[in-house]
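These notes concern the structure reproduced below.
When the chains are written out, they are named A, B, C and D in that same order, and each has its own residue count from 1.
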Amino acid sequence: MLLEVRGLTKRFGGLTAVADVSFGVAKGEIVGIFGPNGSGKTTLLSLVAGLMPPTQGDVLWKSAPIQGRPAHEVAAAGLVKTFQNPQLFAELSVIEHLQIAGHLELKRRLGWKRLATLVRPEFGHAGGALQARAEHVVRLCRLDASRDRLAAEISYGEEKMLGVAMALMCEPELLLLDEPASGLGAGEIENLEAVLRDLKAHGTTLCIIDHKVGFLGRLADRAIGLHHGAKIAEGAPDEVLRNPDVVMAYLGHSRDRI
Amino acid sequence: MGQLLLGQLLNGAILGTLYGIIALGVTLTFGITGIVNFALGVFMMLGAYAAWYFTDVAGLPYPLAVPCAVAVTALAGLIADQGLFRFTRNNLVNGLLVSIGMIAVLEASALLIWTSTPKELHRVLPGVFVIFGFVLPKMKLLVFGLLLAVIIATYMALTRTWIGRAAYAYAQNPEAAQLMGVRTSRLQTGVVVYSTALAGLGGALYASLYSLEPTLGSLFVLKAVEAAILAGIGSVIGSLFGGIILGVTEGVGSIYLPLAFRDAYGLVFLVAILLFKPAGLFAGRR
Amino acid sequence: MKIRLGVVAAALAAAAVASAAVAQDVVKIGQIEAQTGTLATYGWMGHQGANMAVAEINKAGGFKVGSKTYKLELISPDTRANPQDALIQLKTMVEQQQVRYVFGPFLTNVFNGIEPYATQQNGKILMMGGATAIHAQLGKPNHDYLMRTWNWDAGSAGFGQLLVDYLKKQGAKKVAMLFQNDAFGKVAVDIYTPIFKNAGIDLQIELFEPGTKDFSAPLAKLAANKPDFLFPGYVDAVLFDIVRQATETGLYKRFFTVRGSMAPGLKNKDLIDDYIAYLPKWFEQAEKTEPKVKEFVAKYKAFYKTSEFPYDQAPLCSSSCYDHVYMLVEAMKKAGTVDDVAKVKAALMKERYSGLWNIRYDDTGEAVFDFDVLHMRKGGAITATRVTPK
Amino acid sequence: MKSQQAGLFIVSIFLLALPLWVKSDVVLTILVFSWLQGMLAVSFNLIFGFTGQLSMFHAAAFGVAAYATHLFMQHLGVGYWTAVVLAALLVSVLSIIVGTICFRFRLKEFYFAVVTLAFSEMARLTVLNWNDVTNGSLGINLQEKPWLLGFKVDGTVPWYYLSLFALAATLLVCWRVVHSWMGRCFSAIRLNDELGDTLGINVFRYKLAAFVAGNVIAAIAGSLYAFYLGSLEPGFLSIDQSLGIVAMVLLGGRSSVFAPVAGALLLTALPHLIHFSAEVRSIVYGSILILTILVLPQGIYGSIAALLRKRHAA
C-alpha cells in the first residue's frame, strides 16, 4: 500500500467531521471517494495532506506514519493535494505559478546546493529543466492560451486546471484531488479526464473526491462512499454506487422510490 | 505591601478603562474598515484640549464641556474620514501611513495653537476616597464609572439594536451583510466617527486627571492598540478587559520590578498571550 | 625688493579682507534646537527669545563693528531631536550659509550627533548650547569652539550644592527622587547622588519612561519608605502630574525641584507644606521688581502679539536665548571683528553682561549667572532668595 | 532588458562620478544618510514587500548592531570590520529567536507587527537602561573610524563611496534573491501561504530566511550609520525609526527591489528642502505623506510603472 489510513477521526468541538475512517490506496490506482456535501470529504483529504492534525488515527505513507506532519513535508514526501476552491497567487501569471510549484523538484534535484544558485546562477541548470517542464505542463493542461495572463484574469475552469497543473509540477506519487470537476463545463471535464488518464498512464496514483457520481464512476478503479464523516461503502465503483446506504445518503431516501 | 498591591490593582484598573475606551475605538474601526487607526491618539488629544478650552477658557461647566469636546472630536473625525480614511478602507498599511501623516499634521497644529506649555484643567472634583488605606481621588473613580458605563452601553447597543447587529454582521462577513441590505459606506463612516468620538470622550475625561501637551495621544494609542490585541481584536467587552489587564500589569509590575521597564511589562504579557492564544483572550466574543 | 613684496602682500591681504567685509554685512546666527516633539519646550523658548533679540537689534539699525554696520539673521531649523537632521542642518549653516555662531543644542543626543563635525570646525565656529553633554567636553583639546550657556548643578558655583544645603536646614533626612529616564535624568542622578550623600541625606531613586502620566505606582512605592521630600523632575509636562498626584493622595507635602517652573507647586498650593525650587528667574516676581524684566515681558507680548507671557517657560531664556544674542553682539563690538571667532570668544569670556540675568563665563566657558531659590509654603506664600554665585 | 541594463549603467556611472563635481558637503551628507537609510528600506522590503510580513523589528536590528559593533570593538579589542561581522551574527541570532517565536506560532499581519514591535521595544528598553554597558540615555560618542584597504574612512567623500557600495551590494543581494527560486517562495508566502505549504514550500523556513536576511542587512546599515554619525543613542531603536522605514518603502514602492531607495532619498532630503517654521514644516511633511499614499497608493515606482504600462498599451 502506498497510503494507508487507519481509524482517522477529526472532531471540531462537538462536531465529528471524520469518524474512524480507514482505507488504503495502492500504487498506480485511481481511488474515488464520494459522498454528498458535508460528508467530510474535504476534511478527510486535508487530514491526509497534513493541513490539519487528526484527533485520532494514523496516516501511513509507504508504511511510515505522517499524520500531524506539516503540509510541506507531506508534499515533499510525494503526496500533493489540490483545493476544491482554486487557491492561487492572484498577482502572478500562470507560468509563474508553475515556476513556484517547481520548488519541490528543484529541491529534490539540487538539495542544499540550490543556495549556490543565488551566488552563481549558471549552476542553476536545473532551472532550465524545470522551465521546460513548466512549459510541458502548460501544454498538457491546455493552458497555453493563458500562459502569461494573471491568475486574477483567467476563467474558473482554467483556475481549477491551474490547480492541477501546479500539483503536477510537484511530481507527486499520489495526487489528492478535491472535487476537481465541480463547477466545470462538459468540455472542461472531458479535458480534465484526459489529463488524469494520462497521469495514470504515467504511473501517478490518484485519489479523487467528488460528489459527481458519473465522473468518478468513469475514472476510478475503486470507490469509497462517505457519509456523515464515516465510511459507508468500499469496492468497485459500480457496486458502491448501487449500495443502498450510499443511495440513501445521496438522495435522502431509498432508491426504490425513484 | 498588601495595601500597595491592592492600590495598584485598583489604579491599574482605572487607568485600564482609559486604555480600554481608545482600544474600543481601535477594535471597532479595525473590524469595520480593516485599518488600525493610530490617529485615534490625536483625536484623543483633540478631545482633551477641547475639554480644557471649553472649561478653562470659554468658562463652561465641565459636565457641559465634555459633550461639546466629544462633538468637536466627532466632527473632526467625520472630516478626516470623508477626506482621508475613506480612501484607505481595508488597506492596513496605507491606513497606517495616513494615520501617521495625520498625527504629524495635528500634533504640529496643536503645538502651533497651544504651545508646548502643559495645560492643566482646574480641579473638577477635588477630594479623595480612602479604600483600605489606599487613597483614591474622587475624580478618578468618576472617570472609571463613566468609561465603564460607555463601554457597556456600546456593548449593549452592538448586541441589542439593529444597527449594532448590522455592524457586527458586517465585521463577520461583509458580503453577506451587504446582501442583507447593510449600507456599507454609511456604516463605515458611522463607526469611524463613533470611534473618534470615543477617543474624544477618553481625551475629555483624561483632561480632568492629567496635564495636557500636544504629544499626549501618541503614547496612549500604542497602549490602546496593545489592549485591543491582547483582548482579541473585534471584541468590545474584550477591549475593556484588555485595557484593564494592561493597566494592572503595568501598575503592579512597576511596584515589584524596576519602573524604567514599565512599558515592557505590558508587552511581555501581550506576547505571552498572543503566543498561547493567538487570536487574543476574548477571541470570538463580542 | 623684499620689503616691496611684503607691502604688496599686505595690500592684497587688506583688499581681500575689505572686499570680504563689503560682501558680508549680515552676521548669521544658527540655532540647532528641537522645536517639535516631546522635548520641544527648550528649543521653542530659545527660539522665541533669540528671534526677538535679533529683531530688536535689526530694528534699531543693527550694530557697528569698526566702521561697518551689521545686521543679524537668525537661522533656526527644527532638528526634531534627530541627530541626523541636526548634522545636515549644521553642515548647511557652516558650509552654505556662512554661519559662525551657533546657538544650541539643548538636547544631548543632538549634541553627540553633531559633535564630531563641529569639532572639525574648531576655529571656524562658536557653539553656545545648554546640553548636559557639553559640560564634559568643555576645555578639551579641539573644543575651543564650545561654550555652555547654562549653569551647572554641581561644583563651587553650582546651585545643586546650595539647594541641598538649604534642604538639610529644613530638616530633610530622606529624599525620594523621581526622574524621567533620559539624558538629563541620568545626569541628574549622577550629579545629585554624591551631593546628597555628602550632606548625609538618604536618597531613593526611581526613573520613569518619558511620556508617563500616571505616577500612582512609583509614588506609592517611594512613599513606603516615608521620605521627607519628593524630588521630581524635570519638565513641567511631568511635574504638573507628579505634584498633583503626590499631593492629591496626601502622600507627600514637601517638594524639591531643580528644573521646571513654580506653576505645578502653585497649582496645588493648599496641599503643599514646602515647595523648594531652583529657578533661573522667578518672572512673576521679577516683572514687578526689575525694570528690565518688565520691559522684556511687555516687548514679548507686543512682538508676538499675544496677551499671554509664558511665565513658566521664560526661565529657560537663561540659556542660548535673548540675553545671549546681546552678549554676542557686545563681544563682537569689543573684539572688533565679526569673523574671528577666537577673538569673539575671548571677548565673551571677559564679558560681564547685565540683562535679564547677570551673566559671565567661568574659565572653562560655562555660564555662571544669578538665580532664584524659591520656597513656597502652604497657601502659596513664596519667599525668594536671589543668589549671585561668586 | 537591454535598455534597463544601459539605464543601470548610466545611473551607476553618474553616482560614482557625483563627488567629482558635487562639492557640497551638505548634499553629499544627505546622500550618505540616504544610501544608509536606503539599505534599511531595501532590506525591510525583502521582509515586507516581497514576503508580506510587516516587521517592526527593523529599528532594533539596526540599533542593536550599532551598539554591538562599538561594544565588540571596545571589549574584545577587535577591529571595526570584525566587529561588524560579530554584530551581524548577534542580530541574526536574535532574529532567529524572534522569528522562530513569531512564525512557529503562526502570527500573521498585524499580530506579527505588534509582537515584533514588542520585541523591538524590549531591546530599546534594555539599551536605555543597561547603563553600565550602553551609557543609557546619554549615548556614546564614537571616536574611531573604520579602515578599508589601508585607508581611513573619514570625511564625507569616503563615506559616500562606502555607503554607496554597501547600498549597491544590498541591492545586488536582494535583486538576486528576489529573482531566484527563493524569491518565488517569498512571493508564494506573501500571496497565499497555505497554497505554498501544499506545494511543498517550507513556509516557516522561508519566512525566517527573509526575516533574518533583512535584519542582517539592517544590522550592517546600523554599524555603518553609527560610525558615520559618530554617536550612538537609544533613539536608534525607537518606533519612529521603524515607522520611518515603512514610510520610505511605501513612498518608493514596495513592488520593486530598487524603488525603496527613492523613498529613502525623498524622506531624508525632504526636511532640508522645505523651509518653513518648525510647526508648519511638520504640517507640510505630514500632508505630503498623506497625499502620496492617497494619490500614489503604489508608491512612486508603482505609479510610474503603471503610467508607463498604460502608455505602452495605448
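We adopt the following convention: a contact is a pair of C-beta atoms (placed from the backbone, for glycine too) under 8 Å apart; a residue touches a chain by one contact, two chains touch by 3 or more.
All figures in this text were calculated on a predicted structure; none of them were measured in a lab.
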| item | value |
| --- | --- |
| Separation of mean Cα positions, chain B and chain A [Å, integer] | 48 |
| Gap in Å, rounded to a whole number, between the CA centres of chain D and chain B | 32 |
| Interchain centroid distance [CA atoms averaged], chain B/chain C, Å | 37 |
| Rounded Å distance between chain A and chain C, as computed from the means of their C-alpha atoms | 74 |
| Overlap residues in chain C, where contacts from two or more other chains coincide | 36, 181, 207, 209 |
| Residues of chain B engaged with two or more neighbouring chains | 107-108, 111, 260, 263 |
| In chain A, residues with contacts to at least two other chains | none |
| Chain-level touch network, classified as line, ring, star, complete or other | other |
| All touching chain pairs, where touch follows the definition stated at the start | A-D, B-C, B-D, C-D |
| Touch list for chain C against partner chain B, complex | 36-38, 40-41, 44, 181, 206-209, 211-214, 216-218, 220-221, 224, 236-237, 240-241, 244, 248-251, 267, 310, 312-313 |
| List of chain D residues in touch with chain B within their complex | 54, 101, 105-107, 109-111, 114-115, 118-119, 121-122, 125, 128-129, 239, 243, 246-247, 250, 278-283, 285-290, 293-294, 297 |
| Complex interface listing, chain D residues touching chain A | 176-177, 180-182, 184-185, 187-188, 191-192, 194-204 |
| Touching residues (chain side chain A, partner chain D) in the complex | 49, 51, 70-73, 75-76, 80-81, 83, 87-92, 96, 99-104, 106-107, 114, 117-119, 121, 124, 127, 166-167, 169-170 |
| In the complex, chain B residues that touch chain C | 1, 4, 7-8, 11, 15, 107-108, 111, 115-118, 120, 126, 128, 134-137, 210-211, 213, 215-216, 218-219, 250-252, 254-255, 259-260, 262-263 |
